[in-house]
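Take a look at these structures.
One chain, chain A, links the two complexes that follow: it is found with chain B in the first and with chain C in the second.
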Partner chain A sequence: METAKTTFKEKANKALGISPEDALISKSYLIVSFTALLLGGLLGLLQGLNRAGLLELPSWFNYYQVLTAHGILLILVFTAFFTIGYFYAVLSHCLGGLLPKVRKMAWIGFGMKIFGFVLAVIPIIMNEATVMFTFYPPMAASPIFYFGLVFIVLGVWMLAFGAFLQVANWRKNNKGQHVPILAYFATGVFVLLFFGSIPVTIEVLMIIPWALGWVETINVMLARTLFWAFGHTLVNIWYLVAVSAWYVVVPKIIGGRRFSDTLTRVVIMLLVVMNIPGGFHHQIVDPGIAESVKYLHVFMSLAIGFPSLMTAYAMFSVFEKTARKKGGTGIFSWFKKLPWGDVRFLAPMIAMIAFIPGGAGGIVQSMNQLNQVVHNTMWVVGHFHITLGTSAVLTFFGICYWLVPYISGRVLTPKMNKLGVIQTIFWTVGMIFMSGSMHWVGLLGSPRRTSYTTYSDNATALSWDPYLMFLAIGGTLLMIGVIIQVYAVFNMMFFAPKGETEFPIAKAEDDAVKTPYWTERWGMIIVVMLLLVAMGYVIPIVEFIVNAPPGSPPFKTW
Partner chain B sequence: MKMHLDEKIWLILSFGLIMGFMLITGYQTFVLGMGPPSHMETIDPQKVDETAPFDNPGITQIGENEYEVVMTLAVFSFNPSNIEIPAGATVHFTLTSKDVIHGIQVAGTNINAMVTPGHIQKITQKFDKPGEYLVLCNEYCGTGHQFMATTITVK
Partner chain C sequence: MNQFIIGLFLLLFLALPPVANLLESIMIMHMHMQMPLLVVSGFLIAKYFLRRFPNFFEKWNQNGIPGIMLFMIIMVYWMIPRTMDDALTLQSVQIFKFISLPFLAGIPLRDSWKKINSIAKNAIIISFTIIFFAMGWLYIKWPDPLCNNYLLIEQITLGWGFMTMAFCMMIYLAYNAFVDPSKYE
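== the complex of A and B ==
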């Protein structure tokens, strides 16, 4: 009975698209996501204008409050809600509809996350939690802020478990088969979300009794290290989401086939396995960590570059093959055969191109000596606006132009496609201005996370001002981009003409070699991941605990 | 898995590139002694003013054109401030924080280090070119963070 039901559901899904219940889950997540983008983008613009000296922020909502809210809204709400909305649609589409139990879990997780965000945002608005999204102790926010974070994490876990249940159920019913590739990506992302958020949960559980005054002092370096074990994982979660569309969706949109299925799965496994220890490179200029330990972590960070370089090869190979099939010739002129006017291709393509300087910048930051030049300068801000803000986010935007019509039972009109292309141009030009000037002014020494200042008209600081003006121009263009994008998402969700939209999943090559089954052994993959995490973290964490200095009491310095 | 020749070349190049970066970083760190600031000593962050050498922050000449600067960082200032040294001086900074996490950065040099409470941080720099160097805090430390700056004047 059970199997008959699923096969019927599978058939129904193929014929009619997503079920209304599953669509509602994804739509709700995307609505929250893009509302956060609008608010977070606006706060970003305020910051850019302030930093360029063009706008003074009121004392009741100062630069650092704006920056804290901007970070939380975009890094934790916009990206996380998008990721979940997208991958729950993936799970529903690829695995024959969500199980009723999983659907319920998705809603409970949604409620917990929203409740957590409301708890976290209230103290930010009241200026009781102006601690940035990194909330480094011994700066202590209102305990309510940390309670909010706990609920956010619990919500994420609920969604991760829902995804695992869904995949496990499919595997039980399809013994010996490979999990469909996008569901495989989803598994990797939720594994990272779950394991990556464990360190930050331990950190927050350390902070809460201290922020409440039950414990007098806190181990600052331990907290900081636990934060980055999570923080960098988040970065690669965004990347993995973007990569899923690059490997699977983009080839279909340009009318081609996927690159090797085995290689795709290996890249996913490598990104999952090597990720968590990579976070240590955020601490290259910290005291209390021996040079030899830092060197080990340089290696662990740089190793993440390897799957990225493999991805670069895979993508260009797919593009070339497809374009040549369509009659493209020459060393480079086949490029013209790609569908540049299709926003579903254009946006992720620019995102991929942006990953070339973005990835190179990441390698720079992973290495000791170069890191010391750019650490905590505007360069870093430029780096993650080109990686997260362009490579990941522009891919997310590109996904919207088929995902939103798909879950809404509507179609992408040529007019909306054109608007999407215009949006992509605004975003690209805005980012070139903003991220470019941030990189440059950072090399000259301008610090990050600092409101407008000339350091009492210091000549060096004054020489940075022209670059900061470009930052403001870029920020303004990006805000126009945000408005267009949010309009497009809501329009496609509620007003676009009704109709059917396909979920674009490219097929493997006809002569593809069969994927080996060991790629399906997630138990083994997780064991390897935990071993690498132990390799990276046991020594420094034991060091921080055994040779701990007397701890720090809480401070409120804002 | 079957692979094309260009794919193999690319994989080898990628691997070689990453190994190359590792070797360069390792050579600089362990052979040239250019490792990142990683001092291991600890201190009670609530007793900085009573603990040597931070009970007496300031600048001391310790050799021919060689100086030690013992400095405490606290919201929102560096102590000592407005340092003056002769050109060509090698300066050894010994730093700690009396409250939250700060960062010290000297624009136009490679001085860039985190200064966390409970730990002592050390960094050395030779100042060849005369001029006024801007010293600033590059880790958000509170509402007056943008005022946390001073100068090093090289004569």
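== the complex of A and C ==
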């Protein structure tokens, strides 16, 4: 009976796409996600204009408040809700519909996250939590802000466990088979979301009694370290989401096959295993850590570059193979055979190209000496906007053009495709201006997280102005991009013509080598991950606790 | 053959003076990174020896027990605080470290691990878990430096390194005990 039911469900899924209940989950997540994009984008524009000296923000809504809200809305809300909405659609599609239990968990998680965000946003609006989006001591926000963060994390855990239940159930019913590749990506992402959020939970639990005034001081370095163990993991969660589309979806859209299934799974495993200790490079100029330890940590950070290089090779191999099959010739002219007019390809393709300078900039920042040149300058902001803002986000946008019609039972019209292409162009040009000028002005020494100032008309500070003007132009173009994108998502969700849209999953090559079964042993992968986390963090954490300085009282700098 | 070259390359890399000096300058890196990597290099090199001298391993390590005993003895030897000190002060002990860990621990481990049954495997992991907890406790709680070459803070760090490794092994054992792979595989 059970089997018959599953097959029927699978058939129904194939004929009708996603079940309405599962679609509702993904749609709700995407609605929140893109609403956050609109608000966060708007705040970003205000920030850009202020930074260029074009706009004076009122005292009741200052630059640092805008910065905090911009960061929280885009980094925590937009990306997280997108990731969850996307991967729950993936789990539903690839694993024969969500289990009723999992669906319930998804809603509880949704409720907790929304409740948490409301709690966190209230003090930001009241200017009680202007601690920038990296919420670590000694700046202390209102305790309500941290209560909100607790609920957000609890929501994330609920969703992660839902995903694990769904995958475990599928594996029980399909013994000996490999988890479908996109569900495998989802597993990796939720493993990282769960384990990566443990350190930040400990950090927030340390902060709450301190912010409430129950304890006088806090160990700043320990809190920072716990924050970045999560912070950098989050970065690679975005990356893993983008990579899932690059490996699996893009080849289908260009009419090709996937690159080696084994390599794809190994890349996912490597990213999961090596990720959390990688966060240490964010503290490369922090005090209290021996030079030799920092030096060893550079290896750990750069190790993440290996799976990225594998990805670059794999993707260009797929592009060339597919283009040559379509009659492409020459060393480079086969590029012309790729479907540049299709937004579902164009957006992720530009995202991939952006990852070349983005990754190179990341390497710069993980090295001790080079980091000292760019540390806490606008360079870092530029890097962040080219990696998250372009490589990850532009891929998310590309995903929307088939995911939203798929979950809404609608189709992508040529008109909407054209709008998507225009959006991608706006985004790309805007980002070249904004991120490019940020990188450059950072090299010239302009600090980050600073409202517009000429430092008493200092000549050096004045020389930054032309670049800051480009920053404002880029920001304005990006805002137009945001508006088009949000319009496109809501249009495709509610107003596009009804019809069927395929969930594009490319097949492996016909002559592909069989994937070894050890790739499925997540228990082992997690143990290895924990071992690496232990190796990465034992030295600094023991040092910070045993040789702890007196600690810091809460500071309110705004 | 490929594995043999990787293993040999790893061994030579670890033996380069700057690499050895850097890893030995931090106590926990010395014990929990350099030493395990030396075992790993032997584990990779083993492939060549197992193919080249099958009769030797068949004759002396028929059921895997002698090999695993040798592995345990070498590992436990290198956990004695005095040996780590000696490796830093006496050239001969340093050379012995670079020979014993790959060739007397890594190679026998590879030959033995596939020959012993799962009960023995679990017993070995359990005994290492207990040893690691005990060593962790010792290094964290002992009020004086046990190694002349390292500061007390480094000793405490190493102690916590032992503890976290033991926790990871416990997680692995629990995973093995509670998750039935036949339900999934």
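Assume the second predicted complex is superposed on the first by the 558 of 558 C-alpha atoms of A that agree within 3 Å, B and C clash if a C-alpha of one lies under 4 Å from a C-alpha of the other, contacts with A are read in each partner's own complex, and residues count from 1 in each chain.
In this text, contacts are C-beta pairs under 8 Å (C-beta built on N, C-alpha and C of every residue); 3 or more make two chains touch, one makes a residue touch a chain.
Since the model is a prediction, treat every value here as computed from it, not as a measurement.
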Key: Contacts of A:455 with chain B and chain C, given as first, second, both or neither   = first
Inquiry  = I'd like to know which partner A:534 touches here: chain B for first, chain C for second, both or neither.
reply    = second
Request  = Considering only touches as defined above, state whether A:298 meets chain B (first), chain C (second), both or neither.
outcome  = first
Touched partner set for A:290, first chain B, second chain C, both or neither = both
Key: Which superposed partner A:547 touches (first chain B, second chain C, both, neither)   = both
Ask   = Which partner, chain B or chain C, touches the larger number of chain A residues?
value = B
Task = Report for A:257: first if it touches chain B alone, second if chain C alone, otherwise both or neither.
result = neither
Task = For A:513, select first, second, both or neither according to whether it touches chain B, chain C, the two together, or no partner.
result = first
Message = Contacts for A:376 in the overlay, against chain B (first) and chain C (second): which applies, first, second, both or neither?
response = first
Ask   = Touch check for A:326: first (chain B), second (chain C), both, or neither?
value = neither
Shared chain A surface residues [contacts with chain B and with chain C] = 290, 295, 547
Inquiry  = Considering only the defined contacts, which chain B positions touch chain A in the complex?
reply    = 1-2, 7, 10-11, 14-15, 17-18, 21-22, 24-26, 28-30, 34-40, 42-47, 75, 99-101, 103, 105, 107-108, 110, 112-121, 132-134, 136-147, 149, 151
Message = Which stretch or stretches of chain A touch chain B in the complex?
response = 62, 64, 67, 130, 132, 136, 138-139, 219-221, 224, 260, 262-263, 283-291, 294-295, 298-299, 302-303, 305-306, 309-310, 313, 317, 363, 367-369, 371-373, 375-377, 444-445, 447-453, 455-456, 458-461, 513, 547-553, 555, 557-558
Task = Sort out for me which residues of chain A touch chain C in the complex.
result = 168, 171-172, 175-176, 290, 292-293, 295-296, 517, 520, 523-524, 526-527, 530-531, 534-535, 538-539, 541-543, 546-547
Partner chain A, residues of chain C touching it in the complex = 22, 25-26, 28-29, 32-33, 153, 156-157, 160-161, 164-165, 167-168, 171-172, 175, 179, 183-185
